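Since the structure comes first, as structure tokens, the remarks are kept for the end.
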Amino acid sequence: MELKVGRKKKNTKTVINVKGVEIGAGEPIIIAGPCAVEGEELYLDEAQFLKSLGVEILRGGAFKPRTSPYAFSGLGVEGLKILAQAREITGLPVVTEVMDPRDVEIVAEYADILQIGSRNMQNFTLLKEVGLIKKPILLKRGLAATIKEWLLAAEYIVDSGNEQVILCERGIRTFEDYTRNTFDLAGMVAALDLTHLPVIADPSHATGRRELVGRVALGAVAAGADGIMLEVHPRPEEALSDGRQSLDYNEFKKLMDKIKGFKSQSILL
Amino acid sequence: MELKVGRKKKNTKTVINVKGVEIGAGEPIIIAGPCAVEGEELYLDEAQFLKSLGVEILRGGAFKPRTSPYAFSGLGVEGLKILAQAREITGLPVVTEVMDPRDVEIVAEYADILQIGSRNMQNFTLLKEVGLIKKPILLKRGLAATIKEWLLAAEYIVDSGNEQVILCERGIRTFEDYTRNTFDLAGMVAALDLTHLPVIADPSHATGRRELVGRVALGAVAAGADGIMLEVHPRPEEALSDGRQSLDYNEFKKLMDKIKGFKSQSILL
Amino acid sequence: MELKVGRKKKNTKTVINVKGVEIGAGEPIIIAGPCAVEGEELYLDEAQFLKSLGVEILRGGAFKPRTSPYAFSGLGVEGLKILAQAREITGLPVVTEVMDPRDVEIVAEYADILQIGSRNMQNFTLLKEVGLIKKPILLKRGLAATIKEWLLAAEYIVDSGNEQVILCERGIRTFEDYTRNTFDLAGMVAALDLTHLPVIADPSHATGRRELVGRVALGAVAAGADGIMLEVHPRPEEALSDGRQSLDYNEFKKLMDKIKGFKSQSILL
Amino acid sequence: MELKVGRKKKNTKTVINVKGVEIGAGEPIIIAGPCAVEGEELYLDEAQFLKSLGVEILRGGAFKPRTSPYAFSGLGVEGLKILAQAREITGLPVVTEVMDPRDVEIVAEYADILQIGSRNMQNFTLLKEVGLIKKPILLKRGLAATIKEWLLAAEYIVDSGNEQVILCERGIRTFEDYTRNTFDLAGMVAALDLTHLPVIADPSHATGRRELVGRVALGAVAAGADGIMLEVHPRPEEALSDGRQSLDYNEFKKLMDKIKGFKSQSILL
């Protein structure tokens, strides 16, 4: 497989620099925030709290893909504006999902990283569209995508002209339903070997259970993840989506301390 | 689940009439054609052959979703025009896939039924867009979609205003790799019970193996499918895509004879 | 794969004759009975009812594999004796499961066909043991077994000296949980091609839902199954196991009529 | 779920002491050895090498479950004797698999821990038999077993009278075939919460690829595994089974150094 995203074509690790934050440079970066941007005050408060704990990139959904047409689907452009405010206040870059090829331009106007969700991993129209812009793309693995298909989805973006792709393992769908999905640790490690692109982990969606998120995150860091993306909410039980898998502030602070311990002791190098 | 597509909301079967062909009215209808429209002469010849055997709807891809960006991705609008020609010559309605919300208008101009492929089953942007037109939509089940998610995807289309949705079971992804996918016969039967929409089967994509297609098709018909969609190619070994699962003319003719036998003996009623 | 069970080694269909009932000879045979033998009177009554409808082989569990150690696990030898009585009264052969290599002898004393359950498909100790006896073995596919592994399990039995193996597709485990398992129709058809052994279907365990069983059975017959194994119980809601998937007498009678219709019209030849 | 293996019944961690090695006491223990015992000299040499690196328990198969009846299936009792010799020379306890309930006695005579392989996780006959002895049982998760089913299999052993059960996550079967199985890190973490029994990881079988084993092992340790079981072979390319997933001596030594680093810095507490 002589892909542009493959190690055979280019064997030096791709480092993606987003407003000074380097992804793929050795230290795992932390991306955190609520599943959805639910309101201005709530989001700006959370952004500042997360910054104070050392979070490097903020996340938050403005356009939310929902299994049911009747579920809360995000604040749209209003949400994008709140994200931009958060960036101004904290200085941290923001990542948010884009679902519609016609929205790529406006999302790119507000966000620093555009996310392609797992349901759209093989939305080739959308992949080609985000391949035309100059901002990094965070490409989630599809819930039934093989590693090869995931890399080929990234290839669509790179082949369209955008080499800044971050892969994100977020769990695959299996028969096990105690967890929301099955976090594929070995698949993440394999992707780190097969491609020169940064590969991060999303233990929140992978597990769907708050109590498992922290240990799975530590496992992913120890196995070499270039970053971790986490859902955090001040009151998870009130979240408009994914509350079951969101860490509260206290849980998140404890996890950050452990990850910092890992980093400071250079165990991962 | 009190969905608009559900039996609880409406317990009479939805019958979709496409240029006189009734889908969901009791007799299973046959949709056939090559995976992709590869050229004018080839397609028009095939269309006439298929009509002569009793095929009721023609299929053929103009916009092809492909796992790799380097694979043949269809003739685009040129392909749509060939489909329209085939309809004119044969009088049969045509179905073809749409992948991009911006293409819905032009595809609807040429095609009688618009297909949403399995990779796009949760492309909610696209679902809402085809919900705005007045033509029937053939919605394939996603390769890792539960029956519930499949019905909710249909609900997006119906809730947007288009009640003419045909569901298509085309195999799900499992550990078994002898077949391309695992045809979920019981899932198809369950969908027939849970929704009032017509449900058809696609044994070509489900099995990925020509020698299995016929018997799986007969099984689907006996279990109550409202129709069967099949890939047929005059010389499968030369097909630009999916040759391995396409029936040749001889195989297809034999299968049609068996299905006619089923129909004439009213075994299915 | 030059296996003894493979078509390359022997291309004539193996027909297994159990007390005059021929399995693999063209006509699909019907095996039916309750999940477990729950008591003498109940079982003997049911056996006579099933015979009156044309059932050719009786089933009933005496040793029941149960996920929990606290669930009803069968009547053991007492159950075997009831099965033998049923055979005497009806003249029909009986099939029952054996789980322990040390029980093979006693089960073979009472039963006409010994069943290896899906959980034991790769219990190689047991496979070798039933390979030493002279009675037919019904080998269920493991719930996560590939077709190749299933055939290799049969190979263990045949290689140990017993060529009378009947394969049974009973559903595989996938992400879909609306049904208990996913009935793999194409896998059943593939097995019919790859091996000369008879292949039957068990729609009761495959679907786990009474209302789906009949149509899945018809689908399997139309696709070429050499037989169908069904769970039937006079009062499914009172069954000690698997009531949810057992047909009641009325449902079973209707299904038998449809299958007879199939047979009499020779549609399957 | 008020199981004897559950936290609700007993909330203090079960610590299993095998000849002085404590499993479940906080520090992850390392179990290593070749897949199969292939010969006396080879095994004794390896045992001493592994001991010199700090391995705490030796592994090696004498009775090997093999998918094909024609593959190497172990040295049997001869292999058990070699394991006992290795224990004498090194002082380390040994673990080996038992497949046949009739072999439990003799395997228990030679081995310190008896392993139930994944194919036998629901071989209830065998589970009850090992529940009658006084030695620890290492219970591998079945390749399609849910966490609940895995705990219920342990319950069979405990309910039969043997409370010394060690659970082992070794990968589940999914659609992804780049790795041999899918290592379920979150499932391992969930099991650590749901049961008081020790839970270890087997990254060799989980990944099936030597180059992934080390990082998956580190991930499992960081996530809280009570131990790691690894396949090591002096010349993996010559191994009679599982060579593709066995670490060579050099790779294993590097991994041991990293794991020791983890331990010494108390990061895991």
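Note that the chains are named A, B, C and D in the order they appear, and that numbering of residues resets to 1 at the start of each chain.
The definition used in the following text is that a contact is a pair of C-beta atoms (placed from the backbone, for glycine too) under 8 Å apart; a residue touches a chain by one contact, two chains touch by 3 or more.
Keep in mind that what you see is a predicted model, and the values were worked out from it rather than measured.
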Identity of the chain that, by mean CA position, is farthest from subunit A: C
Pair exhibiting more inter-chain C-beta contacts, A-D or A-B: A-D
Chain centre separation in whole Å, for subunit D relative to subunit B (CA means): 48
Cα-centroid distance, subunit A relative to subunit B, in whole angstrom: 35
Overlap residues in subunit D, where contacts from two or more other chains coincide: 144, 173-175, 177
List of subunit B residues in touch with subunit C within their complex: 144, 146-148, 171-172, 174-179, 182-187, 189-190, 193, 203, 206-207, 209, 211-212, 215-216, 218-224, 258, 261-262, 265, 267
Complex contacts: residues of subunit A adjacent to subunit C: 173-175, 177
Complex contacts: residues of subunit B adjacent to subunit A: 65-70, 99-102, 119-120, 122-125, 142-144, 149, 152, 155-156, 159-160, 173
